[in-house]
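For reference, the structure I am asking about is given below.
Naming follows writing order (A, B, C, D, E and F), and every chain is counted from residue 1.
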Amino acid sequence: MSSFTHFNDQGRAKMVDITDKTSTIRTAIAKSSVQVNKEIYEKITQNAIKKGDVLAVAQVAGIMAAKKTSDIIPMCHPLALKGVDISFNWKNEEEEYHLLIRVEVKTKGSTGVEMEALTAASATALTVYDMCKAVDKGMIIGPTFLIEKTGGKNGDFKRDESLLDGLNVGDES
Amino acid sequence: MSSFTHFNDQGRAKMVDITDKTSTIRTAIAKSSVQVNKEIYEKITQNAIKKGDVLAVAQVAGIMAAKKTSDIIPMCHPLALKGVDISFNWKNEEEEYHLLIRVEVKTKGSTGVEMEALTAASATALTVYDMCKAVDKGMIIGPTFLIEKTGGKNGDFKRDESLLDGLNVGDES
Amino acid sequence: MSSFTHFNDQGRAKMVDITDKTSTIRTAIAKSSVQVNKEIYEKITQNAIKKGDVLAVAQVAGIMAAKKTSDIIPMCHPLALKGVDISFNWKNEEEEYHLLIRVEVKTKGSTGVEMEALTAASATALTVYDMCKAVDKGMIIGPTFLIEKTGGKNGDFKRDESLLDGLNVGDES
Amino acid sequence: MSSFTHFNDQGRAKMVDITDKTSTIRTAIAKSSVQVNKEIYEKITQNAIKKGDVLAVAQVAGIMAAKKTSDIIPMCHPLALKGVDISFNWKNEEEEYHLLIRVEVKTKGSTGVEMEALTAASATALTVYDMCKAVDKGMIIGPTFLIEKTGGKNGDFKRDESLLDGLNVGDES
Amino acid sequence: MSSFTHFNDQGRAKMVDITDKTSTIRTAIAKSSVQVNKEIYEKITQNAIKKGDVLAVAQVAGIMAAKKTSDIIPMCHPLALKGVDISFNWKNEEEEYHLLIRVEVKTKGSTGVEMEALTAASATALTVYDMCKAVDKGMIIGPTFLIEKTGGKNGDFKRDESLLDGLNVGDES
Amino acid sequence: MSSFTHFNDQGRAKMVDITDKTSTIRTAIAKSSVQVNKEIYEKITQNAIKKGDVLAVAQVAGIMAAKKTSDIIPMCHPLALKGVDISFNWKNEEEEYHLLIRVEVKTKGSTGVEMEALTAASATALTVYDMCKAVDKGMIIGPTFLIEKTGGKNGDFKRDESLLDGLNVGDES
């Protein structure tokens, strides 16, 4: 059984010492989603054609949140991110409208960027909620999860997305 | 059809003017969850008996994130929160372990605290992920949603939780 | 001669005590600008038609900076902003392209929002510079100035814009 | 025509991937200014002799803002700054008093520090405005611009200051 | 025995609900100190005569930290501070040089400002340490404590300073 | 006599240029303390047995503050911390209860981490004060000081703790 790495000798949380880890290229991809009603779906997509669109604001929020990750997550190491890319897709079926959010984060450093990708995905989704909540407060955010990570000595992670049946994932394209 | 309130005359996003809204008591309750494997479930609950527990750190993260909400969500108004309370429950069935997160936020102000509750719930869940990811990166965060809000002239919101079948909600107690 | 209000008895800076000031509606309008070359002008305006536009990002930056004002300006009182609206106009003449930025801030509080409007205008302009600097680093930001303020016992301020001849102000519309 | 580097395949903004850029010494020098009236000029310079001076506060604000740059400018990469130096000069002519602000930023990293220099110059100027606005709100900030940058594969930048006739630049010394 | 107010029903920390507390004038005075060697004492006091002085920077740091208090102290309520004043005194005896720091904070709100005064005093002292540590790292910060608070229903607090014998307090003047 | 390194040619503060310093492993250990009364001592230690304990919250606050150091201390260089560990001990004698706080910070970088350790120790102590102040506001924080640092060309620092007689240091264990 692998051990928790966030606790010190007094059984308390600490920021784990990563001084000895080598600096390598790290990537992580996370996904989230927002389930909205038809009215919100139509408004978001119609505004997207005009200049002011919900997704543009949400995307900026996600990128800025990625940079704030170590300020939000207590034991998370600060990392100088090298790249963040957020994209959107819609997956609609039978009056259910799912905005799919995909975040890719990249850096060169001594620890992974999973938390940055997950935090950016969450902030993006929360911003969509904020901008549409005057229409309907019933939106559902997520699930939010890691799709893959690369880099670091512990090996890569690749989620078997076929196991996510029922979650709002959508196809990679 | 109600209109989006976050866009100005140029079709761009703005922070909506709420100068004329009256200052009243506002509450919001949001929920999130983290689906973990058996090993993480056992480690979290066993550590909870000792001093250093994952949930204590996650809870502090959630409360601090509630205070950062208007710094994370671009069009969200800054609000002086008056109270934040985060509690945890487990809902386990057939080798599935769901940590349920419930956040209640309260203030007296001229706009609601839905975003603060949702942001706190998200940060709490993300922190659980961060502290347990050395064991397994397959954890799934959320769904994250609003349960209820009170205060303000637009009326209260109360989600019909029976419609959330299949989501990890758990009973209020 | 009116006295500086930011110094204490030791001749040092302090945050002036405003406990006795009454809470009233406060507004402020500030302007800034970015002088760009033809290539940048064309790229910004063409991208504005598509989804990803420079101005959308700059505007979000400006609104978020307005909320950070008291964190950036040392002696500035924290204020819960009630509304921020940023709009853009172009003023082009003889191969000179000026992006005009206009920020309007509103709150109800015991001190004015001039600094919030000026800070938002500056951050908006800086973001335009950041997003276009790969094309040309010769852009010129500003001048940046207050157009008007209302509220508070010291009276309103209204700049005589006819005195701004040669500055990139543009007409209000 | 060089292309905008801040947009992804969906035409949306992203934080550009700089993982492959090499870490080299980077410098940038930016300038701003504040045009003040005679009363403010005299007060600032007289207070400068005593302990509490406007410029000391403004300078601290500028240095702290340099460190916040990637938190203010959405697509700006976080960078660990190695040195920031801010200096002031006065350029007065015919009842016009111009406080000239010069910021030099240095780091070793994989992207330039133009935005840090420009942001610091802006925050310094805004703080001067804040501390003097009780005397006169008519002050004018800027123009604000880059003077030079070095480091990085895209070559250095050096502004021909003789083209800045009419702007408040002042001589380098 | 009075009860801890920071724990919820699960025995976990929460941000205490202060919605029902009335908004009144609140003040707090805190003190800290830095014990320095003769060389540092002389350098600080001599630089104070010139424009760049350690205390000017430390004071700005203290005021800005007061505004960040609720971001640093997890269960601390956000408060819009109305005034912060920091002053310095020296108390020297037998080759011991004590820089005394006194912070006074004032607001009108529904909770006290003790934490803001203590946090500002700490940040002021830490900044003095930072700026002088190239000369000697043996400086000692504090003790740091509350001198008095007023406002709120729980009554005022006034420390009997005669009990602080041996601590570096100095006389009020 | 060594010179202050924080002043530029105009006698003003600057962030010292460390571009030429080599990146090496850096460590620092700082200590602080909180003197509490018997009631608080008993409550903290009893709560420590249950899930919600003061020290767990204080420790999270300390670690998060370590990451915020360059945002709090104006001339402090930003640094990507690699590890932070905070531990507690009690030293009680004759109705005096001293909570001893020990912070160890580690990184690989071009400047030391003394300020990060001292800032974390201060924030930890301040949080203990905040969580217990409803019981007694007479608590005394600190003294706070550096115990040792390693790394960097200026040599290591090791405090002779026998000279700290009367300060609340406690034994290393």
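Everything that follows uses one rule, which is that a contact is a pair of C-beta atoms (placed from the backbone, for glycine too) under 8 Å apart; a residue touches a chain by one contact, two chains touch by 3 or more.
Everything numeric here is computed off the predicted structure, so don't read it as measured data.
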Hop distance check: chain D to chain F, minimum number of steps through touching chains? 1
Fewest touch steps from chain B to chain E? 1
With residue numbers as the basis of comparison, which of the pairs A-B, E-F or A-F duplicates the interface of D-F in over half of its contact pairs? A-F
Determine whether chain B and chain C, two copies of the same sequence, contact each other through the same residue numbers or different ones, counting it as same when over half of the numbers at the interface appear on both sides. different
List the centre-to-centre spacing of chain A and chain C in whole Å, with centres computed as mean CA coordinates. 32
Geometric centre distance via CA averages, chain E-chain A, whole Å: 39
Residue numbers of chain A (touch at least two other chains): 8, 10, 12-13, 51-52, 55-57, 60-61, 64, 68, 71, 74-75, 80
Per the touch rule above, enumerate the chain pairs that touch, sorted by label. A-B, A-C, A-D, A-F, B-C, B-E, B-F, C-D, C-E, D-E, D-F, E-F
Quick one: which bits of chain F touch chain D in the complex? Just the residue numbers, please. 8-10, 12-19, 70-71, 74-75, 77-80, 109-110
In their shared complex, chain F is touched by residues of chain D numbered 25, 55-56, 59-60, 63-64, 66-68, 80-88, 106-108
Residue ranges of chain A in contact with chain C within the complex: 48, 51-53, 55-57, 60-61, 64
Interfacial residue positions of chain C with respect to chain D in the complex: 1-8, 10-13, 32, 39, 43, 47, 50-52, 54, 56-57, 60-61, 64-65, 68, 71-76, 114-115, 118-119, 122-123, 125-127, 129-135, 137-146, 149, 157, 159, 166-167
